[in-house]
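Sharing a structure below in structure tokens format, with a few things to ask.
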Amino acid sequence: MKTFEMLESNVRSYCRSFPVVFDKAKGDQLYADTGEAYIDFFAGAGALNYGHNNEFMKSKIMEYVSQDRIMHGLDMYTKAKEDFIVSFSEHILKPQSLDYKLQFCGPTGTNAVEAALKLARKVKGRTGVFAFMGGFHGMSLGSLSITSSNSMRESAGMPLNNVTFIPYGQSFEGLDTIRYMEHILSDTHSGVGKPAAMILETVQAEGGIHVAEIEWLQSLRQLCDEHDILLIIDDIQVGCGRTGPFFSFERAGIVPDIVILSKSISGYGLPMSLLLIRPELDIWSPGEHNGTFRGNQLAFVTAKAALEFRTAERLGEQVREKEAFIKYYLQNEIAPLDANLKIRGIGMIWGIDVSHLGEEVAREITANCFKNGLILERAGRNDTVIKIMPPLTISIENLKRGCEIIAESFSRVGHTFSH
Amino acid sequence: MKTFEMLESNVRSYCRSFPVVFDKAKGDQLYADTGEAYIDFFAGAGALNYGHNNEFMKSKIMEYVSQDRIMHGLDMYTKAKEDFIVSFSEHILKPQSLDYKLQFCGPTGTNAVEAALKLARKVKGRTGVFAFMGGFHGMSLGSLSITSSNSMRESAGMPLNNVTFIPYGQSFEGLDTIRYMEHILSDTHSGVGKPAAMILETVQAEGGIHVAEIEWLQSLRQLCDEHDILLIIDDIQVGCGRTGPFFSFERAGIVPDIVILSKSISGYGLPMSLLLIRPELDIWSPGEHNGTFRGNQLAFVTAKAALEFRTAERLGEQVREKEAFIKYYLQNEIAPLDANLKIRGIGMIWGIDVSHLGEEVAREITANCFKNGLILERAGRNDTVIKIMPPLTISIENLKRGCEIIAESFSRVGHTFSH
Amino acid sequence: MKTFEMLESNVRSYCRSFPVVFDKAKGDQLYADTGEAYIDFFAGAGALNYGHNNEFMKSKIMEYVSQDRIMHGLDMYTKAKEDFIVSFSEHILKPQSLDYKLQFCGPTGTNAVEAALKLARKVKGRTGVFAFMGGFHGMSLGSLSITSSNSMRESAGMPLNNVTFIPYGQSFEGLDTIRYMEHILSDTHSGVGKPAAMILETVQAEGGIHVAEIEWLQSLRQLCDEHDILLIIDDIQVGCGRTGPFFSFERAGIVPDIVILSKSISGYGLPMSLLLIRPELDIWSPGEHNGTFRGNQLAFVTAKAALEFRTAERLGEQVREKEAFIKYYLQNEIAPLDANLKIRGIGMIWGIDVSHLGEEVAREITANCFKNGLILERAGRNDTVIKIMPPLTISIENLKRGCEIIAESFSRVGHTFSH
Amino acid sequence: MKTFEMLESNVRSYCRSFPVVFDKAKGDQLYADTGEAYIDFFAGAGALNYGHNNEFMKSKIMEYVSQDRIMHGLDMYTKAKEDFIVSFSEHILKPQSLDYKLQFCGPTGTNAVEAALKLARKVKGRTGVFAFMGGFHGMSLGSLSITSSNSMRESAGMPLNNVTFIPYGQSFEGLDTIRYMEHILSDTHSGVGKPAAMILETVQAEGGIHVAEIEWLQSLRQLCDEHDILLIIDDIQVGCGRTGPFFSFERAGIVPDIVILSKSISGYGLPMSLLLIRPELDIWSPGEHNGTFRGNQLAFVTAKAALEFRTAERLGEQVREKEAFIKYYLQNEIAPLDANLKIRGIGMIWGIDVSHLGEEVAREITANCFKNGLILERAGRNDTVIKIMPPLTISIENLKRGCEIIAESFSRVGHTFSH
């Protein structure tokens, strides 16, 4: 590890929580170079919904690479891209009668967020955007401007502007935020101009696993309609089946104007991002948002395979079953350990909120989990929410074992801090 | 192609210049799904310096994937990352006695530019940056703010600020821009505060193939030292051997404070980006700049192989030889065709400036090349610079053939427009 | 009036409501050049609390001018300034044990607001400011950025930033805005950094005559203390005795960090503005905020006289008596005319909210008043609040007569719109 | 002076250079409360072109005040305003066939600058403005953003943007700034969007008495025409006859789109400011830029008298004569004292540039002048330009005596520093 300490920037972070050198990975487990196995409740921060090195996708990669198919093509037409587009249309858009055009952005979530913001402002001719407290959208300047973490925002080194932050859902003392926004938009003396768009995650992941209510999402859609504002759903972390259906907003029956996908869209952990745009909003000029790696060919290959895999394996149903297990376990095995714990989640993203115990205890719990062979991260204010986000494909055995490790860590650390 | 037209956003651009569906690629050639072969003078906009599907790197990919080595690991420690870091240190840093720490950013050039800007502002506690007219640094908001294309800038949908643009080199009527910047920095009434950093490409590629003079680069380094300003070199397009040596700034004997690498760093066209930071500037907090795909494992594998390949194949020398050929050909076969042409370039990036003929003629020339089996793009103001940027590994035969196709196209189109 | 229409900019506005040419004025009345007299319920938008051409101040002007005392002195020491400072200290600061230093700004309210914002940001080293929906602070860029009128903001021609708008008092459905701000300031993911200052009027005048509750003002003071935020009171319109005591915040027993005075501070309608600064915040460098007319000598003369007049005439008590009359009249003579009217006010600033009747009716009412010899303006959203703001020195007869004219106009216009 | 030190903000500045308490003033002299007389080479920073307490204007004030004519009227129609407008039209606009509409702004120069910027952006729908290094336009946020002093700019406490600074005239090593701007405006990759306007002083006063060349001003006008950019002349300090003709730009024969007047426009040192707008640009909505003291009635009275006085006294001719004297004296009596001195100026604004001697010596020279009964300020970078700006009405005797005091101070201080 000396190499990393000497030569890698201090900005490295996850390695500090999981201080081993990983070498291999398969399905729901990672392996250190010492051979040690770790159950994965982290899933590459949401990029590995299909687990590590899925055999079906792997075979597609091996085939594609071995045949010298094109690996890099900017935004030229390629067979791999065509195949993916057709597949996405067949598997995702058509069954839901969704009418979107696809924009392939630089293969990071933040790049797609930037593109969405630019397009929204261009379409509406307005500079402002509404974003939500607790929201996370990325680290490049445009995305950072709508990301709510104040310490992250300070890293910009300059004021971040043209955004208005609104409490998420009813998170502030039951404030009816829909009415509040309605008020801001209607009051001629609100000081806040009409925004080009509202952007949000339907489940705030980094913010601490907060699940937006269906009615709130529906009201938001209506509010945007009434005021001619675009609704952008950042489905980077909780799209691609994380909550069960492919899109996280399906449960609310709403259709966003722009959808942002990344992380698990490629299926194999390969960098890729995607914008879905209502056709009438697609007023881009050619090349107006560009980038060298937009259109990662290998990612197209696995992304297509992932869609096929999802359908074949009925991943949506699997999520419902595993959701039930996680929910049951958390409510019956974890919640009783501490009356002040809060359990939140949906599908296969869950949080155990231990904010009452403080950051140090939260850190101890996850550190203890790691010692016992479980990888999981923390989220939320002060990193006090234990975040459970295994691959959707995790085996029931490892799902159970992981949950048990958490319970054990709670007991052990609880033992410590209760004395 | 109907699929693309119906389902892919209008933002797609290169596909409009090269309206075929590509499927395979090898070395210095691309192949359409019809089997048609095209010589590549484009090299993935600089991402394919080692050509397509290099056999050595390909074998490394096949091996890595087949062994279920870890594919996605955020910024955790991995064997693949360790191997790359050691290799980069041995092949690049140590031989030149360069002392840098490595930061792996989201795998796009623009993400690394964003990180560099944030770090520079954090280190210096100043908001301003000097950038250069003709410069291109990316499409996310921070990078876009220092990108000079006015039409691109407008796509931000808001004013882009905290940057001062300076003419590049002596591009404006011989104005001594070093003295001009010195003046701005020294005049207490210049209206321009001291910037945190200056950022530039040593060869402006998108700007129209403008090669900065060695003396100018050295003076810039000195100016930055005297005024406590960071010097950031964006070596995304012309680093990784494009000009001959690995870094484009080596010819000037200068050491930047921060270096940005992307495009060809992975060697195989896989998304990757890298920041080199002087150790004393590495004041990042853990995770202060993050991203799901920072640390693309497969790219680490090919990036390491690329460094080995570069050394083994003496690519630096190859570039010198091919540079000599290109230069000779352009000056002796192309230049005589039109007294107003301007030829500019270095290493294996060259431009034929036909701005006197206008955008339409430039378009015709490259379209004609494409018809004749050569892929090349245009750059510069109004896209009137024919840009020659083949893989560094191109065969002399194809290099010659490509140049001939250009010459033929000039003659043919010239024939048209001279009547 | 041809002269004005041909040669004065379209930006002129009050003249459109009062389309006569005024020539003389005395006490509580204005006179057109035709001799027509108008009772003044407008008081120069708050600049004429002592009425027109007060005899005591007038004699001081005549004396000062006739003796060739210095008329313009930038911020040099002058006898007139010294006399004013001593008088302000004796009449205002010492009796209340207030410890402030005085800054004489460019003689407009907006200039003092700009100075206050600059100083607050300098003192705290932060860029943000909290301002309030409905608030009005001026038209220059800094003041405009904290002014809430969206149409006014648009006139900036660029995004106005570094401000967060909060609903004023409990104006939004009883939202506890103190707790809301506390939440924003405490939540590490609110997206809103800690501001340098909060700025507000204790009675929003332009916003539609909204009187802040005493408890709210006190909580605001406490909130600022707890979070190390400066509290700036813009007392331009409702200071100088308008609400009874000299400062409008006295009723809440709070001490702001910075107080902004203008309008009636000079007493005679002469341009002047003033900043009161807690001594430890006075970290200005000499000349850091400057301006040619800072320190209007003639205004110092009348300002001193005004303070003496205020004390001698016990203006504070007069306001209490007249407040009682206005309140009684509005509640007993006007309110019964329309069940949906809302009456709001304090001291000698009152509003009759006819927003349910719409802008056109509001306009008709005031137009009718003017026809009958009463000048009064409208305020609030869509200008639907009839604003009663006579000189504090108005005679009871004219106060009564003015109120009667309003009642008559309501009846007449009401007669019209009820059919 | 204790009063000032204890109770007036540290921001006070001129009083530090002239540490006496002034009480009276007449013509070209000020008098301390001790009776001491000082010749005025400062003229209220340009606000007292007609000297102190001009008898003709004084009589108009006495008459107006004594008759209880209206003193404060916002932007209502008044007889005093009408009289001024007619007078301005007759004395200034018509003789030169100038077609402007008048906007009365808040009575400070900076307020009129703010209005000009807002209008220009509104008219052109662009956010950027070109301003010039060395320029000074005021201290409120919009004006400050185009003011070039870097230390002043820092007092904003936030980045100041939407402006591009250009070297003034040929001030940077003979750089042809017209061609440079032409280049920026024509280069599609300049990074600088087309501005709404260019704003400048034809003689930079605060910047150090730099007189723009006639050809440069004419080329600027042409450049603006060719690129559809508004030309705004800030004639606050050098308008109103300071350079001889009423407007400073008359010598170049150009007609600006917007002209800003303040300082000496009222003639008597009373706060007033004025915008002249080409009629077709007057697209303001009523009240879109407002302010309590826009339209200072007493200033209208003296402003009208000033125009009459100017005509009657042939002030333009007087300036030509006194300019000749000053120029002669400086070149023949001062310049020989030090070979490195630079003498610059026009009309009755002149500078002796002693930047080679440093700030301390410059300060000593003016301090010495003050001791000997002469008030004059310094300007320019590091305050090293002795600024000669007497009232236009100064007597030849006092003009000569003032110049002699300067010469004596140079000799005395020179005596000191040469040893």
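Letters A, B, C and D mark the chains as written, and numbering starts fresh at 1 in each.
FYI, a contact is a pair of C-beta atoms (placed from the backbone, for glycine too) under 8 Å apart; a residue touches a chain by one contact, two chains touch by 3 or more.
Chains and their UniProt names: A, B, C, D = Diaminobutyrate--2-oxoglutarate transaminase.
Everything numeric here is computed off the predicted structure, so don't read it as measured data.
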item	value
Chain whose Cα centroid lies at the greatest distance from that of chain D	A
Pair exhibiting more inter-chain C-beta contacts, C-D or B-D	C-D
Approximate Å spacing (C-alpha centroids) for the pair chain B, chain C	58
Where chain B and chain D are represented by their mean Cα positions, the distance between them in whole Å	50
Rounded Å distance, chain C centre to chain D centre (Cα mean)	31
Touching two or more other chains - residue numbers and ranges from chain A	127, 151, 158-159, 162
Residues on chain C engaged by chain B in the complex (per definition of touch)	158-159
For the chain C and chain D complex, residues of the former touching the latter	1, 3-4, 7-16, 18-26, 30-31, 33, 44-48, 52-53, 58, 61-62, 65-79, 81-82, 85-86, 89, 101-104, 106-111, 114-115, 117-118, 120-122, 125-127, 138-143, 145, 151-152, 155-158, 162, 196, 236, 262-263, 268-271, 275, 277, 282-293, 296-298
Contacting residues of chain B [partner chain D, same complex]	127-128, 131, 133-135, 146-151, 153-154, 159, 161-163, 165, 167, 172-173, 175-176, 179-180, 183-184, 187-193, 207, 381-382
